[in-house]
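The data blocks that follow each hold one structure.
The two complexes that follow have chain A in common; it is paired with chain B in the first and with chain C in the second.
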Partner chain A sequence: MGADVKASLKLMIVDDSNIIRRRIERSQQIARLEVVGAASNGREAVELFRRTRPDVVTMDLTMPEMDGVECVQKLVAINSNVLILVVSALADKATAVDAIEKGANGFLCKPFTDRQLNDALAELLSEA
Partner chain B sequence: MNSRLAKVLNPLLTPAGSLVLVVILGLSFVAVVLVPGLELASEVADSSTALKLLGEQQRHPTLIRAALESIHDRLGGRGYIQESVDQLRTSSSQLDAAMHEMTVPQPGSWFSLMADTGAKGRPIAGKHAAALLDIWAKELVVLKPVLGFRGVPYQDNESTGTNLNEGGRQLDRDVGAALRAGRRALPQLDAEFTAIAAELQSTNLRSATQLRVVMLSGLVIALALVVLVSVLLSARQRQESTLRLARQQTADILRTVKDGLFLLDRDLLIGSAYSASLETLFQRKDFAGIAFENLLKNIVSERTLATALKFVKILWAERTNEKLVKTINPLGEVEVHLDGGSGRSETRYLQFDFHRVRVDGEMTHVLVSISDVTTRVDLANELQTAQNQAQGQVDTLLGILHIDQAQLQSFLNDSNAAMKMINAVLREPTREEGVFRKKLDTLFRQVHSVKGEAAALGLSSIETRAHAFEDDLKALRDRPSLSGNDFLPLVIKLDDLLTHLQSVGDLVARLSHLQIVQGDVAHTATAVLEEEQPLQTGKLDGGLGATLQKLCLRVAGENGKEAALHCTGFDAVPADYRRAIKDIGIQAVRNAIVHGIEAPDTRTAAGKSRAGAVRLSFQDLGEAGYKLIVEDDGQGLSTERIKEVALKKGFLTPERAQTLDTKQIFALLFQPGFSTLETATKDAGRGVGMNLIAELSNQLGGRVAVGTSLGKFTRLTLTLPRPVKRADGADGTEAA
Partner chain C sequence: MLKEAEIRTFIEGATNYFEVSAQQSATVGSPYLVTDGNPGAYEYTGVIGISGTRKGIVYFTAPRGMLTVLLMRMQETDTSDDNIKDLVGEVANTISGNARRDFGKSFVISVPVVIAHDTDKVTAPHRRSYVIPINWRTHSAKLVVCLE
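== the complex of A and B ==
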């Protein structure tokens, strides 16, 4: 990636809601972030992750097949440098804390505005 | 150049640099001053000793010469020589010993000391040793015969007297020879001694000079040391005072800051420095070293505690983005239960904020700041309550919108009058039990009429409050004894009722304004007209007919009955009687439906129509006054049932019951507190309604008559005189 002059980063969106996936894809305006894929559950996400090797992931927590916390753990095991932003409702802080404990980097509360999404992604990338 | 000097000096002026400088100076002091100084001092001391000894030896040649001359003289004068010979022996033996010491080096002797003082290992005396030995040996040769002399040098002769004997002559010759030899040798010896002394002197002088130089440089070094040490000390002192000041400021901040502040280390233990307000926030002391878990244990839920501990731990992971996890802080606004002392649990809301503390990029602590947000949370709750209340107001408003403005205005006017009356009654000073009871009855009637009318208009919020007020009055009435203090709680309930009436009044006022703005002229005009010129036209009965119709519908509905109300002649009610007629009408209609009209099935069974009929008619009798008739086609009044209840409730003694006629039995109905119902509902059962009717009719100077036929009807006939002008129509103290 260091070879790439523009240093573009690959973004993968994981959410079981089609609306949210599309929303994130359309709203994200970080110049060097390029959406490379979207998954609707944890299992799909792990597969897609192996294939596309994204640098940044937005992760829903409650999903069928494999939930977000487990998925985070798997993704970090594959690439410990990946940046993961948990995007979920704030109903259960304990689960969100679990996801961070397993290696996610930050949290964005649903529902979010475009500005909140972009601020969170920028903040996530600022430490990269 | 100055800056270059500063560059060189700066590292030296740091505490560490100064310390190195002090050590170097100390060592050089030892090397340059102490060691050579000690050496030079011992050199000076040695040469001084040597000089002193030399001085002692220097007198011996002179003494030897003096002794020889003394022997020579005494031999000539035939004197006693032994003393001089002894002197010679002592001096020469001492000089001999000294010679031996000076020429044969021996450790510890003055000679060996002298030898050491010689430059570059050339002993001063050593240079002169050969000459000294040579001279002394020669001298010793000539002295030996003299020294060896024993006996007496004289012989006595009677003719010639005392003469030298053979030995004496020989001694004389020897002394003469020694003197001659000594005249040459002894000055030589003396000269040698003098030369040695001179050399010693110069060595001594040199050493002393060197010692002075050493001492002077020592002094300089010592001075430098003193300066350096004092600079160091003052720097240290400055540093300490700066440190003390900083520490004081930290302490001041920690003592004064409103937030609870402390640091957590990697093991989640609380550090030794924390703000004083922490003690207030947690109502405990000694936080230093305790685990974060123990701080929260028992004051937050176990689940929250577990999540909180996990949350603080993830802050230590470098992966975690501090800003992006703030929203999931489980202690962002947490309800805590603190022991408020004496076992009482106090609930407060605390806000915990966590900040990473880094030193040189390395995370060392988590700073925890805690603030009490109870007020904020309470305010938010209050706001919620206020919003709910506002919603309630909107509901009331919508209710009001459905009520005819004229009716509503008339109700509010009446209620306000009733409230004034209640207030006046409550304030009226009283001591007697009987008066208290009477007060209670008056209050009951007033509240009851407000309640009744509110119910008639469908203003349930007012009805509920009035009912609650009635409940309190009922509780008071049931007490065996009454005092003024018992009335105090009523004031609060009254206030609640008043406030609510006020807010409804405000709403109505605003509403009418709104309607004007909206141009609903016809409707508003009715309300305004009604307010300014009540009942000028016959058509306007103050909404009485409509009010009663509404009441009839509601009371019938709530009591599982069907009833139709027929009102006639209400437009003839004079203004002064409006309030009273309305109150009476409300109570009468209510009573008719609750007590008179039977349930539809009962009615059908009795061959009547399902719906009962209640008829109210108001008639102007001209000079004779007015007549109000309230009649229902219900079950009628049973004298037996009335007597039974009166006996049971203690209104009658059994003996008295025997003697009562029908009229007297019906009179029981108008007693305060009398009701044939077992439990009070909103509509009946408190025994107020009939009493209110009687009381109101009394106030107007009228009479009430009861007519009934069991199973057919009940009829109340009120006869009222024409109104006389009075200051206050609601004055309850005037009775007819």
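== the complex of A and C ==
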């Protein structure tokens, strides 16, 4: 394999909204990313994460069962190399800082355009 | 009691939602105060419970026609009842979450509760609510803010 060929990366989508899960899957246009699963709450996400071992995760924060911040901590404890983009409506700076401190790598505020989503994912992947 | 600046926060949240998600502006009518505890509702309502330093609810209520077109503008082909309910909850969640930009982290929001096909079940916890009328395309909806 040539040095310029980048390996594909597995993406897991976590959001309690079905339309947001579908929207992210449909709108993300990063060729390297392959969606391997979607979860509707933090508890499901941890189980799916163990099974599918994604490299990249988009993470909602306000969810039933287990919220996104707790989920971020659990995912990072399983694999500290995972790249997590928080996608949340919680627009205060303290929440973004808290998520980053718990192990997330980026923050995208809802509502978002397709371009904003792809820019945020591309920026996240520049760390990979 | 809401201050004028606080009402403006919710107005901006509502207009921003349509501008970004639907790529089409909504207009907002003059907000008004309802004092009989019955701000009213359309067919679908997404209710967000507010706790922390402020207590009460924020809800977004809209007719099916508006929500269906909104889904279509978001390139969503599945306009089933489940997705309509999901959308009305997501709109309420997004506007309420965005309000934390001004209200701060102590404005704690719940996950959405959706009430569909039963407008009588939509009730406000206090007698006083502010209603923000939202007009988008040919449709009308409301954002209701009922905080202590």
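We take it that the second predicted complex is superposed on the first by the 119 of 128 C-alpha atoms of A that agree within 3 Å, B and C clash if a C-alpha of one lies under 4 Å from a C-alpha of the other, contacts with A are read in each partner's own complex, and residues count from 1 in each chain.
In the analysis below, a contact is a pair of C-beta atoms (placed from the backbone, for glycine too) under 8 Å apart; a residue touches a chain by one contact, two chains touch by 3 or more.
Just so you know, these numbers come straight off a predicted model, no measurement behind them.
Enquirer: Could you classify chain B and chain C on chain A, in the superposed arrangement, as clash or fit?
Expert: fit
Enquirer: A:G106 in the overlay: touching chain B, chain C, both, or neither? Say first, second, both or neither.
Expert: In the superposition, A:G106 touches chain B alone.
Enquirer: Does chain C touch more residues of chain A than chain B does, or is it the other way round?
Expert: Touching more of chain A: C.
Enquirer: Have a look at where A:I78 lands relative to chain B and chain C in the superposition and call it first, second, both or neither.
Expert: Once the two structures are laid over each other on A, A:I78 reaches no partner at all.
Enquirer: Quick check for you: in the superposed arrangement, does A:A96 touch first (chain B), second (chain C), both or neither?
Expert: first
Enquirer: With the two structures laid over each other on chain A, which partner does A:A120 touch: chain B (first), chain C (second), both, or neither?
Expert: Only chain B; A:A120 stays clear of chain C.
Enquirer: In the overlaid three-chain picture, find the nearest pair of C-alpha atoms across chain B and chain C and give that distance in Å.
Expert: For chain B and chain C in the superposition, the minimum C-alpha gap reads 8 Å.
Enquirer: Would you mind listing the overlap between the chain B footprint and the chain C footprint on chain A?
Expert: Overlap of chain B and chain C footprints on chain A: residues 90, 94, 109.
Enquirer: Inside the complex, what are the residues of chain B that reach chain A?
Expert: 303, 306-307, 310-311, 313-314, 317, 319-321, 323-325, 327-330
Enquirer: Show which residues of chain A lie in contact with chain C when the two form their complex.
Expert: Within the complex, chain A contacts chain C at residues 16-20, 22-23, 26-27, 62-64, 88-92, 94-95, 109-113.
Enquirer: Chain B touches which residues of chain A in the complex?
Expert: It comes out as residues 85, 90, 93-94, 96-98, 100-101, 103, 105-109, 120, 123-124, 127.
Enquirer: Under the definition above, what is the set of chain C residues touching chain A in their complex?
Expert: Interface residues on the chain C side: 16-17, 20-21, 23, 71, 74-76, 78, 82-83, 86-87, 89-90, 93-101, 103-105, 107, 109-111.
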